[in-house]
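In what comes next, chain A is part of two complexes: it sits with chain B in the first one and with chain C in the second one.
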Partner chain A sequence: MSGITDERRLFGRLRTAALVAVVLTCHAPMTVRGQDASAVEPIRHVASRVVKIFGAGGLQGLSDFGSGFLISADGHIATVWSHVLDAEFVTVVLDDGRRFEGKLVGAEPALDVAVLKIDGENLPYFELTDAVPASLGSRVLAFSNMFEVANGDEPVSVQHGVLSARINMSARRGAFESRYDGPIYVVDAITNNPGAAGGVLTTRDGRLLGMLGKELRDARTGTWLNYALPIEVLRTPITQIVTGDFSKKETDPDNVPKRLNRYAPRDFGLVMIPDVVARTPPYVDRIPADGPAAGKIQPGDLIIFVGDTLVSSVRVLNEEIGKLESGGNVRLVVRRGNELVTVELPIPRKN
Partner chain B sequence: MRTPRGLTVSRWAGLACLVLVAVGRPAVAVDDAVLEAERARIATIEKVAPSVVAIFSSKGGGGGSGVLISPDGYALSNYHVTSACGEFMKCGLNDGKLYDAVIVGIDPTGDVALIKMLGRDDFPVATLGDSDQLKQGDWVYVMGNPFLLATDFAPTVTYGIVSGVHRYQYPAGTILEYTDCIQTDASINPGNSGGPLFNSAGELVGINGRGSFEKRGRVNVGAGYAISINQIKHFLDHLKSGRIVDHATLGATVRTDRLSRAVVVDSILPQSEAFRRGLREGDEIVSFAGRPIGSVNQFKNILGIYPDGWTVPLVYRREEQKTEIYVRLRPLHHQSELAETQGPKVPDPRQPPHPGPDGGPQPPPAEAAKDDLDADLKKLHEGRPGYANYYFNRQHQSRLEEGLKEFAGWSGRRGTWKFSGATDANQTFRVLLAEQSVGMWLDDKPYLQPLDAVDWLDEPPGTGGLLVAFQQFKWLVSEGPEAFTEFAYFGSEPLDGRGPLVDVLLTERGTLGARWYFRQSDGALIGYDSSLLADQDECRIRFVETVAFSGLRFPATFSVSSGDKQLGVFKVQQVEPPAK
Partner chain C sequence: MPFLSVRVARLKTVSRLMSLATVMLATLAMTPSGRAQESAALDDLEERAFREAAAVAANSVVRIETQGGLDVVGELAAGSGPTSGVVVGQDGWIISSSFNFTNRPTSIVVTLADGRRFAAQRIAEDTSRHLTLLKIEATGLEEPQAVPEREIRVGQWAIAIGRTFDVATPNISVGIVSAVKRIWGKAIQTDAKVSPVNYGGALVDIQGRVLGVLAPLSPQGGDETAGAEWYDSGIGFAIPLESVLRGLGRLQTGTDLHAGLMGIGFRGEQSPTDQLLIETIRDRSPAAAAEIKPGDKVIAIEGQSITRYSELRQLLGSRYAGETVKVDVERVGEKRQVELTLVAELPAYEAPSLGILPSRTDSAEPGVNVRFVDSGGPAAKAGIVPGDRIVKCGDTAVTNVVELRSALAGFTPNDAVTLGVQRDKETIDVEVTLGRLMSDVPAELSSEAGSENPAKAPEGTEVGLLSAAPPGHERKYSAYVPEDYSPDRHYALVVYLASGNDGLPARFANAWKPVADQRSFILLGIPSGPRGWQPDDAEYVRDCVTQMTEKYRIDADRVVLHVDGEEAAPMGWSLAFRERTRFPGVAILSTLIPQKVPENLPSPRQQFYLGWSLDDPRALRARDALKAFEKARLPVTVDERPEAEKKGSDEAGRDRLGRWIDSLDRI
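Up next is the complex of A and B:
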């Protein structure tokens, strides 16, 4: 009698396990129901890990609210380093309405990232090591307290979009004035609104991709940039702030990671014009007659593509050429007069 | 050797071939589920697009969007769209045709307007959905006429997700307030105002009307707001009444307690019904209209979806003791405040309906100002203070008067009425409705209400003026509308806050007021509330049964209550009507 019951129970458990497996692995069946699956469940998951932050500001168009996300069960919160945190204390409100006083643990101004701590336990949080990179064209979700729409026990706003680009922030005077000039994710949704900075960008199934950055506007075109800082970039500094261990600080001159510079334009017989301004256009200055580019590229050509990468400056050209792997050919597209000319150059073997 | 130009041309030719190949046969196999989802989207859009309205001012200039909700032409839009258009407007559908439309009712606080399109009784309509079922992440369609782009009136479709539900948007400069609204990242731009928000099944779940704009100019920045259709359902009959409808206040304000974070009563008006039912400063609001209260915004959200006059339940806690009360909500504004909103005078600082000089082609040429309108059309609008269009109120008055036909035999019988019987507490009663006064004997104890006096009495005491209530019924069935200084259809409300929706006829005679309740299914009068003065507990009469006494129908059994007291069920055994 009890044997049968146990067997049934076991069978029941197996069935439940199978069901769970199906639900976890197959997002496709959800899409077959006529409409694409809505992201209701992942959204609940993420929204419980994103917080509303209220602090300094409220004057001269500076908002006194922002966003952040929990990164530990006992209440560490990653957010953007901004004037909002420049208060005696800031208030952190979870999606269920619980309010905490947030204390600043530390900040890495070069990355515009800061960490707050609230007195909590068993809080839902993002494991930074679980953050994933995403490929272009992926569908993404953005979560933030933009425009302070959410208050009290309301979850923050969620938006959907597509990952449009992963590029380096071209931060400089006259364009996007930001201290940060590392890689960013650019999205096609209007994610970077007042109060959105410190929110998260996730995959459509709710996995962490990046932190929404501060509002940035191109000074010339007036366009706003909708972007997020990848978690890979933030993971180490955030961990260092949380642990207080800065020994591996990347800006430490002794620990600067070796730049990948396997090749230089000269290896391909290209002499570029001197890199004198922030964004020197990559014009070819000279072609040594005995070099590999002789007869293929001419002085005055503007190099537009290295492989599939658009090179907007001599600096980017140097970086892209530096990354090439030994062997095979590299395809360059140059503008000559009004034409686009494609050439292939062999990549010299190196040890 | 090819010339450079030839090279260029051949490269383009090659590219063209590639494009052709790509079109002819997809290089990448597309998942069937994706194609199926696309087909479903297209089918949904085709299904609902005919109900989407492009609204233009007949004077030229402004415009917006709307959505049809009944085959005889009722359509919803934003108040801030129609207020710029005046009493008559032009409405285009995706069949390419332009229809005349007239304003019916407006809700300036909730930013909703009801219009009636004319010329057909088979307009394509949207199905009303249940906006409380929406969740963050659900797919939604926004349709309408952003930037007044559609010269053929085919609506623009934008697609997005629900970014948030039950959002509260503070009033900004005007009395407009978006409560319990739906936030979406589907593009909402100027011109989309008044247009529909559909869920993935193509059901109408909201009316788009607002965006967060701030410093980025008045275009979509990924945060648009729609008024929930569930809120509009509460107001729909009010809007059909042709009135300028009002939202409500509890007569009390709330705040979050600093320590407990509970939502507590901050201040309360002594003349409010909530006060009379026992609510006091410092009481914790546990639930309101059946929804739990966790924040001040939640309270405002819930309050904002109810019309003035509705009765809703409220649970409060004092010293661990929970109490449930039912309170009738008071009007949020003075009539004069709302009257100011009439006509095209109120600018909306956030989203004026004018899309601006680069906002696309101008709407169809100005047909005519009202003076040049067709005479038949002009008949469909009547101005009157407190009303967007009194014409529609008169239609409903006639409809409700049909429900009084049951008592038609009493018409003109202004002489002395006598009726008597016993209550469920075995008290005997005799009532005399004479021309000079009303008298009642309850177990031989007499009560009197003179009719030549200006003082209306709460007789018997604590009943809210039962004698006056009897007299009001006499006025209604013997004299009709002429007996009252005000006689108007008000809208609908759930009877006593918990019953089915009933139509409400509002009457006034001096300071006396009455709300008469008609069953929506058959139009029968089923009871009324009679009040001596505003802000006093009224006398509530509910008919249990009507019986014919020598050919004249009379409410033979009725219950009487006032405030939170049940005063008894009266059974009439004898009725003596006067001669006609």
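Up next is the complex of A and C:
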């Protein structure tokens, strides 16, 4: 972890302290339940199916370790698609200390998921079809090789929290970026740690909910996001990779959606104030009398929403208007004095 | 059954955290399987309780979005994401954390739990608790139920609710109350995850009643963003809703609320064991108005006996300006109670000034001889000229400089005062409108050191360049005493912090000798230790200065701490602020200037001479740092010039600094 900055180390320390406290207080009620083998010891049950992965990295703050989980008795492992797998040899260590060489079977970078294979048999594994959805406020457990705390034959670390939210991903691009913008579970346990990605999120009785995601910041608040990708999103691509049915989509990292500039505010008869500072508020400067906005929007109005998206600045307004699809209407909400006024403007046809 | 007993012990530990669990455990069957099943049922019930509590309170938690505003606040990128707020009045009142508005947004929009959107106005701010009150034009909002503060127990469930990710469903985090009355009685502490995702949202109990409003806070105080670095760490804070509602009426009228101040300073405020002996009383403060004096001891607040500073802060920390507080003070065995009305801001003390320099020539006649009159200053405007003799200030007869100073201390700049002035054997009344202490250096100032025909120095007095070590130290300082030193004269002491093991490097000594000879300065050069300047060198500096002041006749109000360059500047500032009595003059030539400065005091009086090169890339930052000095009304003289003007040896700069040191006893 030589490259980790002091700030991250501090957080790491705080998080680890919190983790220890939580594990101590919450262990007891978790270990008791019913007759079924998978429920008597949910933590042991889950931990035996989560693996430690060691591969590339170790430089520039990138850890060379990660987490994964077994999804077949003969050694298929689902994990996160990351630089750790970008090595000649990837070592997989089970909770009982057995070591295997892992081979990459395939990956779906759009979902940040990859499948490894080790040569094993009769291994414990998660049945992906058993995965359940969970509701807000449910208690959850997170299992991962975070900070490489678990050695050799030690099971991975367990954290406890509740499900904070189920939202669509909106992650800031940065050192770790994500192209995924589908649903995620947000938890209030601090799962956002080096090496945690690829671990699992389960209900408190050990049923699979999702795979812990990479270290990312939320684009909206700038805070670290503690989240997991729901299994129902991952199930089909993982199954397809395992069975060899997976038709690898375009994985060119440069193939990100281009910024669209189909429309500009002028197409709606809006002349905005000049975009001079980083967050120029989207005030309307002029409304040409013959334009579509005439009579509906007034100079001095502040445009707040385009559709359901808050436009925090002129720049965001231009982006949102640029993305509109030809035909139909766009709904704008403007602030006029202390009133919010909703107007609908037709989107001009363009090809 | 050893296994069972272990499990029972564990369950007990856990149950202490779970108020609900305690009730349920009492009804458990005592068989292991029964226990297991009940425990699982308990977990289910608890989860349901979290969800229901969140659902009950969620209607009162709103989403807040902002537009425009600054991109950067301080050194942090301002967040632009949605945040949360809590309904505090059904006709459109919303309270939120001020953190959410630090970037001073152009527009604020509130979205209610039912999806309705409203434009919001900022009404007022509570700067003590970092909360902001918003108003939207809506009615029928759902006010939450507040938990009475005295009912809040450490260990009870606490659920943090924000409405940041999704308008339709709140985001929640579950924890317990970690402490109450934190941050000097102002906040509840929780281990639920508190971050920009729920700042401004609600911390609720298991019944869905609101404990408090989530906000970043730091025990060290600071601005609205202090404490945000602790986000998601398990250390989160909420302002009790009950206390928010108490201040709500005033906020609703548009009145900002500020922490209440008394104007009392204690010795060693950082030490938790220290007694409540008052060291300073701020000028024109509530404490000064109540005639509390340094040396008094605070023994009770609102009738509650206290013995420690931390207790005092705990009792007063939650008070607002405008509130009255009963304070019991003791003065030499005599106790009395006073009622103080707390204020938001204490006016910085500003020394009044006549704009004169007193003569240092010892005289048999009572009064203060005027040596120099600052042209354009208050005395000059009133017609006072050099040679005049001030014998009265207001109704007080003054026989010497000390008396004149203390007579003036009761005034502030712009006050008018009548001076009795002796001129040509006549005494006239002169009315002077007092001004601020001059920050300009007299363009020309002839030196004046005292007696016209000074006695020779006694046999054995060391003059010229000398070197010695103070008692108890091995490190040797260097000094220069003018060759014609006489105990009849008044000398200024320039204490130079060198960077290196030579206290007076030849370059410095040669440049300063002529100034020292002309203006009767003694130079004391103090070398740094082998590891450069260290905090524990303060004692060595003190001992060097003490030895010089014992050996030579040095005016106590003209001892100047001098630093030239970045290396010794941190040590210089540390000494200057810690030893305010010892160093009435501080001349630091460096762009390293502290952002935090102590308050200006009538006594000890401290004046500053700060200089840097305009070519230095840090010059702008240095000038910015001056604002703190101006705000505190600390007298500062600035020497800010391009490098070219200094031409290496900078004789002009030294001459100006010499005149400044020669006029430190200004009145």
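Going forward, the second predicted complex is superposed on the first by the 194 of 351 C-alpha atoms of A that agree within 3 Å, B and C clash if a C-alpha of one lies under 4 Å from a C-alpha of the other, contacts with A are read in each partner's own complex, and residues count from 1 in each chain.
Rule of thumb we're sticking to: a residue touches a chain if its C-beta (ideal position, glycine included) is under 8 Å from a C-beta of that chain, and two chains touch if they have at least 3 such contacts.
Keep in mind that this is a model prediction, so the values were computed, not measured.
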{"item": "Which of chain B and chain C A:I190 touches, first, second, both or neither", "value": "both"}
{"item": "First (chain B), second (chain C), both or neither touched by A:I43", "value": "first"}
{"item": "First, second, both or neither for A:T223, with chain B first and chain C second", "value": "second"}
{"item": "First, second, both or neither for A:L62, with chain B first and chain C second", "value": "neither"}
{"item": "Which superposed partner A:R99 touches (first chain B, second chain C, both, neither)", "value": "first"}
{"item": "Which of chain B and chain C A:A264 touches, first, second, both or neither", "value": "neither"}
{"item": "Partner touching more residues of chain A, whether chain B or chain C", "value": "C"}
{"item": "Partner chain in contact with A:D153 - chain B first, chain C second, else both or neither", "value": "first"}
{"item": "Which of chain B and chain C A:A73 touches, first, second, both or neither", "value": "neither"}
{"item": "Touching partner for A:E339 - first (chain B), second (chain C), both, neither", "value": "both"}
{"item": "Chain A positions touched by chain B in one structure and by chain C in the second", "value": "28, 32, 34, 190, 224, 339-340"}
{"item": "In the complex, chain A residues that touch chain B", "value": "28, 31-32, 34-36, 38-40, 42-44, 47, 61, 97, 99, 141, 146-147, 149-160, 189-191, 193-194, 224, 339-340"}
{"item": "Contacting residues of chain C [partner chain A, same complex]", "value": "7, 10-11, 13-14, 17, 35-37, 39-40, 42-43, 46-47, 50-51, 54, 65-71, 77, 79-83, 103, 106-107, 109, 117-119, 121, 137, 160, 164-166, 169-175, 191-193, 195-197, 231-234"}
{"item": "Of chain A, residues touching chain C in the complex", "value": "11, 14-15, 17-18, 21, 25-29, 32-34, 135-139, 161-162, 164-167, 186, 188, 190, 204-205, 218-224, 226, 277-282, 302, 304-305, 310-313, 333, 335, 337-340"}
{"item": "Residue numbers on chain B that touch chain A, as the complex places them", "value": "4, 7-8, 11, 31, 33-34, 36-37, 40-41, 135-139, 160-161, 163-164, 166-169, 183, 185, 200, 212, 214-216, 220-223, 261, 294-298"}
